[in-house]
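Look at the two complexes coming up: subunit A is in both, with subunit B in one and subunit C in the other.
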Partner chain A sequence: MALGRWGGPGEERRSLPPGTKLILTRPAATVPRAAGPAWFRINRVQERVLGYALITPVALLIVALIAYPFLNAIWLSLTEKMVGYPAHFVGLKNYAALYESPRFRIVAWNSVVYTVGSICTKLVIGMVMAVALQKAVRGNQLLRGFLLLPWVIPTVVIALTWRWLLDLYRGLFNVGLHDLGIIGAGIHWLGNPDLAMLSVIMANVWRGFPFFGVSFLAAMQTVPQDLYDAASVDGASAWQQFWRVSLPSIKGVVAIVTLLSTIWTLNDFNIVYIMTRGGPGAATHIFATYSYELGIQSQRWGMAMAASMYSLPVIALLIVFVVRYLHREEPAS
Partner chain B sequence: MSGRVLRWLAVGILLFLVAVPLYWIVVTSLKTGRQILMSQAIYIAKPFTLENYTYLFEETRFVLWLRNSAVTAVASTMLSLAIGAAGAYALTRLRFAGRRAFGALVLITYLVPPGLMFIPLYRTLIQIGYTNSLGTLIVTYPTFLVPFVTWLLMGFFRSIPRELEEAALVDGATRLQTLWRIVLPLAAPGLLAAGLFCFTLSWNEFLYALIFIADDGLRTLPVGLSEFVVSDFAFWGQLMAAAALASLPVVLVYIYLHKYMVGGLTAGAVKG
Partner chain C sequence: MSKAFRWILLSAAVLALALALQPASAADVKMTLWRLKTYIPPADKILDTSIQECGKKIGAEVTIQTYTFDDMWTKYTAAIESKTLPDVAELDAVGPARLANLGRLSDVSDLVGTVTKELGELAQNAEGAVKFSGKFYAVPHYAIPLILFYRKDLLEKVSAQPPDTWEAINEISVKIKKAGLQDFPQGFPWNRTGDGYDPAMSLLWSYGAAWVDKSGRFTGLPKDKAVQAIKVVTPAYTTDKTAAFDYLSWSGSGNNEAFMAGKIAFTPNGPSILFQEDSTKHPLRKDTAIKIMPKGPAGRNLALTFVMNWGIPVDGKQQKEARALVACLMSKEKFTTYMTGSFQQAVPLFKSLINHEYWNTPDGKVIAETVKLGRPVGWPGPTTPAAAEVVSSNVLTDMMTRVIVDKVTPEKAVEEADKRIKEIYDRLPVK
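Our next item is the complex of A and B:
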């Protein structure tokens, strides 16, 4: 095996097409491996040095702007800082105070409702979208492109638009429902605690379902047509084909999309901040908006970080799932 | 047959759901202040006016926000592409100890939500005394862009046959030369897709820009827009005009990029 700089001992599996090999045998023949391939070893070292050099910027970025801030923040969550005094270590006091705090319990519960409500709805609508667009029809590309627009435009625009859609007196929802004779007086969408939660979930679903739908659709289209043909020969109904053929084939993508979305929704900020600022009361406050209130607005940094950290175990667990899944798929070259 | 009807019904409902808020943005932006305030001409702007758009350019700092957003998005995209491409090449083509673990680390950082990172990052920026500048955003946006670029480009680099590089190496090229002359040109579509994704992500970013920037003149577009709403009152006509204009660049990018989007999504976020 004369694979030059690529093939070290025990690396034969990275063989080349025969034609290429012919060319590659020459340098190796001039420097037989048994005679001590000095240049070969040097190049392995060079390869390693270059490898480390090229990942250094990424590594620096991760260490300086992700790992260090994060570890520092964990420390911060164990301290208390009063104005005029240096921060001092208080152990788990912040965590205990939050655990006892009725307001924080509402925040934690809201985060769960917001996340589960959004994701379940997005799963259903996304699946409907994928199935509806699955059979190739004319204009399909155009349709798909249009349906993906909410995923493209800035979240701030979406949140502001929904706030305006749901405006008490002049919003399209209330005016439209009134004109259709469905409601008499305007509904106070963002002023009623339950409806406010429903409203932020609606905006989140509107933004997120196209991503679900397009991902599912892309996965479904890799399913061989033979499977469907065989199923329909066996007399399977459309519903059975979806349930028995489509869904099992795309369950990996469904799992990944759901996990990714859960990670990001649980710590979402933009939609809630812009639509309700967490209100009315604390009815739509979730982890990130509450941390913002504690940290940025009240300067209670230790408490703010502790509030964020309460979501960490779940986030970390989900990240482990995703990494194990995706890293397994990657060829271990 | 009923399946067909059902399918088109579903498509129709989805189109309606997506279209209504988009239509509401455009139609509101074309109404006069009076039409909005008095709830006249709800469903169509009649007569329509462009005064909201001219107001934005003449009476607000819209152009400044636009400039700030553009500078930040372009600079952070360039930076992220350079860092990410180097990292992706090392992780796909060069053998060194710890490579696989590092690949996992990049993926982990890609997944850490900004909602969890904004306070830690802000505290660190305060420590080093580097807040309230466009530079702050340009160096912090890569925290979410670089892992994304790296992960996306790893897929592209893997699809380039090693044999091309090996042939060049045998002919006496150095590793850096093969990267520069062979791999990067062949990965140009990937670089373009990654760059446009980065641009979109930076352009739309709100949380970091809201917190790291205090100076009114340094606001980016999304933060500027959010400041339009004062307590419970807003000039919805101007605001929706600004919303439409803020969405325009990313929608144009997206129309061009459409083909790559789905592939990029699955390559970047789903498939690895």
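Our next item is the complex of A and C:
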């Protein structure tokens, strides 16, 4: 029996008699459109109008909330714009001034160190977390929920907590290490330029690793057990199973999570601003805190926008990677 | 039409008529006032009560919004661009210059005249922050002076007198450290907080390293004097090790906490430490003392960075009521109530009250005297937008940390700072 429109809208679903042979025919939609009857062409036009009508609110929202601010930011970066004054077009002058500024070079380098340091550490800890939680053990669910806590706590609270933890005199780290007899005097976590960078990275890692861990764990649980069984039969060790089975199977998720987190970390503001305000000196100043200093404190919006825009090529490149990767994954899935 | 419906219709018509004929009530005039949230909540409460009482008196409903020193300019920046400044704005030391330069503040010369009649002549050093081209653009409210806090018990232990110079602070700090009383007694944070940039200005000016002339025009940072000033304060971090690197990352309250925890012997701060120790019956209160900030070879030129002023933005729709509200808040009765309940935080800038008996205590005299010696931001010229940006862009404290953290020479740090200040004054020329 040939089945054309089986169980379409408004039709009652019917069960096939046993032994019925299914023959699928070409769907009607593949018939050349121009050749269709007049009522069909009108329907197509109406459909198109309806489509545009439905998409218009979303498109307007995107234009108003994303495109306009973004294009405005680019425009402002090309102007000498002080808060309250009209903007004057200066071309690439702001970019050139920043490029020549030794202070901005420090900021750019700090941003790279902060982002790369945070992402690499989160990647490793997240992977360890996922592998550790992959096995079904007692209390596993509770542990998973507990490990998600840093991800759900507001960033401001996290930054203030870490600030207290690393306080020279009253911080848990110094008091603990001192009481254990490991250190004689307090460590200047937030005062020493190198340790200050390490400290803000630690806080960022603590906030962000659950996102990595939970995403990796979810991906690992989709890997068929057969693959592990087969590997086990072939004599693969636990490490080999991870390296040869788990990792290749979840590489898509690893890539997406890493790229997304890189974008977020590169734009991070709260942790650094609350913990060090970019100090000591400019030792932890990153793009976001420097832009804030220029834009809000010094009221130089044009320059602040230009400072932010310097990270744009990297972020744009990462977004292109993410989108292309997702498109590449789609047919496979 | 049913009987019930006719009754409902009639009742609605009577109600509408009654509402239309009702006289204008206080709630018809709605105003917004933005003020600073200080470290002394009881003082804030008194001010809020006064604001509401004054609002009632002038027939206006006043909505109060607050900000701290840290987020003040975030709020103002957004409001300037969106033209939504409040009816009455409590502005910091650089606020009147910035907003007046934008043409966003009303001329309040008449209001200053009214207040002067009641509170006496305006202190000369307060004028620079609010008077431009012969007109007043804000009414000075009060000043929070930065004073030197020290531990008198520790100074007694090392047989030292309270310091009057920066060099003396260094010497005593070394003695305290050597005596094993504290590891890092010197709590001067050269960072992006008011406790960082206010002493930085006072230090440079007291060493004769001002960068403008009396008209407020850039003349250059005197290199020798600035280098001399830097060489006095940076060894605490670099060679003497009497200051901890962590102090550079303090927030606005970091030095308060360290002082009250007994970890430092010296720190610059507003009177809030006294309030906090008094209100908590702190064991260190008896050992806490204050002094006017140190002098330098060029005298004692202390920055008045924390001066609060009432401005009336032109954006506000209730101009008349805004003036009446400020006049009421600055009446002798209201201001005295606020001043005497401020735990010596609010030092008046009008002469009759600065000589009030309230300040006739050992601590009060130090606090009031500090304000009398204060110089407006932009000294020896008036406060200008360029002077404001020198403060807000942290040029001066960056100069210190370049030496302390990045280990550049004081000479190079001064050259860099001079270049940055020049760029600011070139961009924002003094009219």
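Convention: the second predicted complex is superposed on the first by the 270 of 333 C-alpha atoms of A that agree within 3 Å, B and C clash if a C-alpha of one lies under 4 Å from a C-alpha of the other, contacts with A are read in each partner's own complex, and residues count from 1 in each chain.
Rule of thumb we're sticking to: a residue touches a chain if its C-beta (ideal position, glycine included) is under 8 Å from a C-beta of that chain, and two chains touch if they have at least 3 such contacts.
Since the structure is predicted, the reported quantities are computational estimates derived from the model, not experimental observations.
Once the two complexes are overlaid on the shared chain, A:296 sits against subunit B and subunit C alike. Shared-chain residue A:218: touches subunit B; no touch with subunit C. Between subunit B and subunit C, B touches the greater number of residues of subunit A. Contacts of A:170 after superposition on the shared chain: both subunit B and subunit C are touched. Judged by the touch definition given at the top, the superposed model places A:105 against neither subunit B nor subunit C. Looking at the shared chain after the overlay, A:238 reaches subunit B, while subunit C stays out of its contact range.
Touch criterion met: A:196 reaches subunit C, while subunit B stays clear of it. The contact surfaces that subunit B and subunit C form on subunit A in the two complexes overlap at residues 163, 167, 169-170, 295-296.
Those residues of subunit B lying in contact with subunit A across their complex are 3, 7-8, 10-11, 14-15, 17-22, 24-25, 28, 36-37, 39, 42, 82-84, 86-87, 89-92, 94-97, 99-100, 102-109, 111-124, 139-140, 142-143, 146-147, 150, 158, 162-163, 166-167, 169-170, 175-176, 200, 203-204, 206-207, 211, 221-223, 225-226, 228-229, 234, 236, 239-240, 243, 246-247, 250-251, 254-255, 258, 261-262, 265-266, 269-272. Chain contact summary for the complex, subunit A toward subunit B: residues 3-6, 14, 16-17, 20, 23-24, 27, 44, 46-48, 50-52, 54-55, 57-59, 61-62, 65-66, 68-70, 72-73, 76, 125, 128-129, 131-133, 135, 141, 143, 145-150, 152-158, 160-165, 167, 169-170, 172, 175-176, 179, 206, 210-211, 214-215, 218-219, 238, 253, 256-257, 260, 263-264, 266-270, 274, 287-288, 291-292, 295-296, 301, 304-305, 308, 311-312, 315, 319, 322-323, 326-327, 329-333. Here subunit A touches subunit C in the complex through residues 80, 82-85, 103, 163, 167-170, 185-186, 188-193, 196, 275-283, 293-299, going by the rule given at the top. Subunit C meets subunit A in the complex at residues 73-74, 77, 80-81, 98-99, 102, 104, 183, 191-193, 244-249, 251, 258, 261, 263, 389, 392-394, 398, 401-402, 404-406, 427-428.
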